[in-house]
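Structure provided below as structure tokens; questions to follow.
Chain naming follows the written order as A, B and C, and within any one chain the residues start at number 1.
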Amino acid sequence: MTDVNSMLPLLAVAASLGVVPMLLSARSPDVREGWTLAAGLAKLALVLGMLPRVLGGEKLCFQVAEVFPGAAIAFRVDGMGILFGLVSSSLWILTSLYSIGYMRGLGEHSQTRYYCYFALALSSTLGVAFSANLLTLYLFYELLSFATYPLVTHHQDPEARSAGRRYLLYIVGGSVGLVLPAMLLCYEKAHTLEFSPGGILGASGLSGAQLFVLLLMFLFGFAKAAIMPLHGWLPAAMVAPTPVSALLHAVAVVKVGVFSILRVLTGVFGLDLLGSSGLDSLVLSLAAVTMVAASLGALCQDGLKRMLAYSTVGQLSYIVLGGALLSPEGLQGALAHLATHALGKISLFFCAGAIYVATGKQRISQLNGIGRRMPLTMGAFLVASLSIMGVPPLAGFLSKWYLALGCVATDQMLPLGVLLLSSLLNAAYLMPVVYRAFFLPVPDGEPTERLPEASSLCTWSLLVTAMGCVLLFFFPGTLMELSSLAIRNVWGG
Amino acid sequence: MEDALQLLIAKYNYWIYITLMMIGLYGVIAKNNLVKKIVGMSIFQTAIILFFVSMGMKKGATIPIVVHEEASHGVIRAVDYINPLPHVLMLTAIVVAVSTLGVALALAVRVYKKYGTLEEDEILEQIRKS
Amino acid sequence: MTEHLPALIVVVPLLSAFLVFALGWVKRELCFPVGLCGLGVVAWACVGLLVQVLESGPVTYKLGGWEAPWGIVYVVDTLNGMVLAAVSLSAFIQWVWSAPSLLRQFPDRLGALYGLQMLFVTGLLGITVTGDAFNLYVLLEIASITAYALIAMGEERAALSSLNYVFMGTVGACFYLLGVGYLYIMTGTLNMADLARLLTGLHGSRAIQVAFLITMVGLWLKMAFFPLHGWLPNAYTHAPAALSGLIAPLMTKVMVYVMIRIDLHVFGPSYSFEKLGLDRAVVWLAVLAVVMSSVLALAQRDLKRMLTYVILMEVGYMVGGFWLGNRSGMTGAVLHLLNDVFMTLCAFLAVGNLLYRLQGCSFPELRGAFSKMPFTMGGLVATALSIVGVPPTCGFFSKWYLLLGALEAEHYGFLAALIFSSLVSMVLFFRVFEWAFFSSQHENAEKGHTGSSLQEAPAQMVVPLLLVAAGLIALGLFSGEIVSRIVEPAIPMAVS
């Protein structure tokens, strides 16, 4: 593993940023959306360009500016980072295609603004993925919060306003109020903020209680990870247009939260320190509570998107749990879950959006018989649901398998039990939707003939992501290689 | 008691300036009429000017004009001359005080034209109403 | 030529002030370009001087060739080199930016206005560059008196607010002068370097203590440090928009500079922080300042007025950070001084642009501002991020040092106040953005593209704003460089 200087990370982060002026000056919607797609492809190409080199054991580094002694704004692309970068940049392209169909289908206003902030949000996401230290991570984390605000409040109505308030309160309140002081404390004790395999706090001389508080500050400060009780913003943020919920609140934003937590666990605290100070059980219990409680919450929802949001809250904690298992299998499961959940959940959101575009329905109770009217969409919904539940041969199974292995390997039966319970609950809230859609009759007074699916762009993108769930199970090669690379980083083996 | 009296008499110039300064400060803070405030401000400034002037002063000394003949056949004894520097400084300070006063009065005139009164409480009353 | 740069800094704006003033009668159109040239030369001289200081150490210039303790000297080190550059650059930017609104608002008084602005800048630059305690007083009064006059140009309550400022400002300046008088009695000198040398032997003196306290109180009054802040909100709110863009960013910051200068380079850090044992008390006062002004800012319903309370908050940051007495805190204070000049400038430029187009800037009047004036609001967003402390804007980096200083000094009250005020400023600004973003008329906004309802301020006002906004980010990215080359050398080695 060698550090190699390279501009590529910076370019990859900036690719979507650079397109903003083009978007603003584009004369027609077609040109504008062309630019968005071009930026997406360029970004993906840059990330893919880095992939073989990272797999070859190099770490691509780039330092923008050294702002404090021992803390710079710098990028370092390692296995974990590029895994996340790859997931978000490839899904961005699909989401862009989907957005075009969705936004045009609904005739939404201010679409230029929408695409601009989407591009900005993606830049920040990659920035988080590639950041070499806590400071850079914090920088992009904050940028992401502000870049997504106009997306969440896109409708500019009172509901959006209150959702936006809650969004900022939780997320920026958490990062300024908790992460900033925690980061400061780390810097004061360790004189560096660099993520390093063994953590930086090992020799800091912090007492157990101090470490406990510090860890809590990080866990709750990164409120994007939606660990209960700081999950309230996520269901509220569902007022956003569906592609935003799909990419940001199933992939980019929330995954940035858990990614940050994983980084803090592995790179700042270090797994040894976590184990020796017994803090892993704190993380485990928080994650376990969230998993179960969020799944129960999802059971009570009638709004389709809100149900998916609660499901996301629960699934995010799988990843946190995987990180806190302190075993290679657990971490591998966590990283794999980052990708598999992204694919599954984005398909589900795409479906929800497609139903909304085609029929205007947003509630589960209205979905009786919809499967016969929109078979493609609901078929994809079924596949994605099964993947989220972890049924083979779908991608979700892989990650859950590794998570379970992690539990077994470290002899922790309680997390294993929670994992299984939560999977059952997943089925309990997802399957009724499928059942309604395919087996209940269409309510009286509604036409029963087959609906034209939402625009072809929407349908194609959701079919592609659902296919992805299947394909990833059979061809997990790159995913697994990257996650084992990340594990070798952490365990130094 | 003796000491206190000594202190009072020996440093009477300081006591005068402090008294004047307090009078001025009282005027600025407590008076309701804007012109009275301005007068207070002026007294305050003057007190400080007096303080500087008195600090250059020495008992029995004369203005610092060194006559050549005297200088040629004797040592110049600093005790015989007052310190000119604080006085010169105060020339500048007086100019500053005058300009401040000018600005303040001009503003007072504008306030009067606008509100028809110089009593602060009445002006605030008018502002509150509008 | 380069050896006369320190003199140019004061002489050029002074002469151009009179020239501009005279031109106001003769040929009004020439006021703007002549002043622009003047300020251009000044900015060039200031930046040149800073470069010179960075390359070859502090510069001392004897005015009129008189030797140090007798004549007036101008001393430029990295600390005031930095302040000079910031003041002159922001004055230059403001000059360009303010022209359209001045022309619209005061077409018949341009000469006087431009002359006063130029004199104000002269005063500030003089305060910054001088190495003589009494000279500082005179220049302070030049800056203040012109500020009184400029503020009084506003409408409505401006004259009254300005008059209140006159009272408080004069009392503050007089306190400073009194303090200088005590110092002169004890040492017989007015030169700062000389004072510093002589004062080392006088640490026990009661008179010096009085001098120190009186000077500080005077300066706090002038910089509107919390309990002494009463004059500022009204004065800055009622000043004409174009002129608060000049006064608000610079006046308080230069006063903070004077405090730093006097404490570090006249009384010396060991006297200021250890001898009197006041440091913790002052930091608690700063805590109070930060918290109270945050709370008061929350109570405001007008953007411009709210920003004046934000200025008070920032003053609290700087005073508190400085009085922590450790290296990190002081680094934070000095860096924040630089950043805050541009942050406040950016904020008031944005407010000026808004006021150029809108009736006022109370919150309901801001409705729909994002779609009407996207660039201006973009500038305001940059400011807000910087004030909240979001990286990579510069505000984050100075706040970082301030927080670090508080942590090192174990002053958790100040730490908490800083975090609290960051959160409050987020609420403050996002409340504004909510008003500006959520408009009732968005339904009739056309699909897809925006553009028809655009009512942006003229380019001459927008471009400077965007430049400053970009500058906020640039300052942030270069803050490492700035700290190691400019701020570090400015803090005496004795401070650990």
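Just so we're on the same page, a contact is a pair of C-beta atoms (placed from the backbone, for glycine too) under 8 Å apart; a residue touches a chain by one contact, two chains touch by 3 or more.
Here the structure is a predicted model, which means the values were calculated and not measured.
**Q** Graph of touching chains, which shape: line, ring, star, complete, other?
**A** line
**Q** Compare the CA centroid of subunit C with every other chain's and tell me the farthest one.
**A** Chain centre farthest from subunit C's centre: A.
**Q** Of the chains shown, whose Cα centre falls closest to the middle of all protein Cα atoms?
**A** So the chain sitting closest to the middle is C.
**Q** Centroid from C-alpha atoms only, then distance subunit B to subunit C, rounded to Å. What do you get?
**A** Whole-Å distance between the two chain centres: 29.
**Q** Whole-Å distance, subunit A centre to subunit B centre, using C-alpha means?
**A** Centre-to-centre distance between subunit A and subunit B: 70 Å.
**Q** Taking the mean of the CA coordinates per chain, how far is subunit A from subunit C in Å?
**A** Taking the average C-alpha coordinate of subunit A and of subunit C, the gap between them is 43 Å.
**Q** Over in the complex, which subunit C residues touch subunit B? Could you list them?
**A** Spelled out, the residues of subunit C in touch with subunit B are 134, 137-138, 141, 145, 148-149, 152, 157, 159-160, 162-163, 166-167, 170-171, 174, 177-178, 181, 184-185.
**Q** Write out the stretch or stretches of subunit C touching subunit A in their complex.
**A** Residues 385, 388-392, 397, 400, 403-404, 407-408, 415, 419, 422-423, 426, 430, 434, 437-439, 442, 445-450, 476-481, 483 of subunit C touch subunit A in their complex.
**Q** Under the stated contact criterion, what part of subunit A meets subunit C in this complex?
**A** Within the complex, subunit A contacts subunit C at residues 29, 64-69, 72-73, 107-113, 135, 138-139, 142-143, 146, 150, 153, 156-158, 160-161, 164-165, 168, 172-173, 176-177, 180-181, 184-185, 187-188.
**Q** Any idea which subunit B residues touch subunit C in the complex?
**A** 25, 28, 34, 37, 41, 44-45, 48, 51-52, 55, 86, 89, 92-93, 96, 99-100, 103-104, 107-108, 110-111, 114-115, 123, 127
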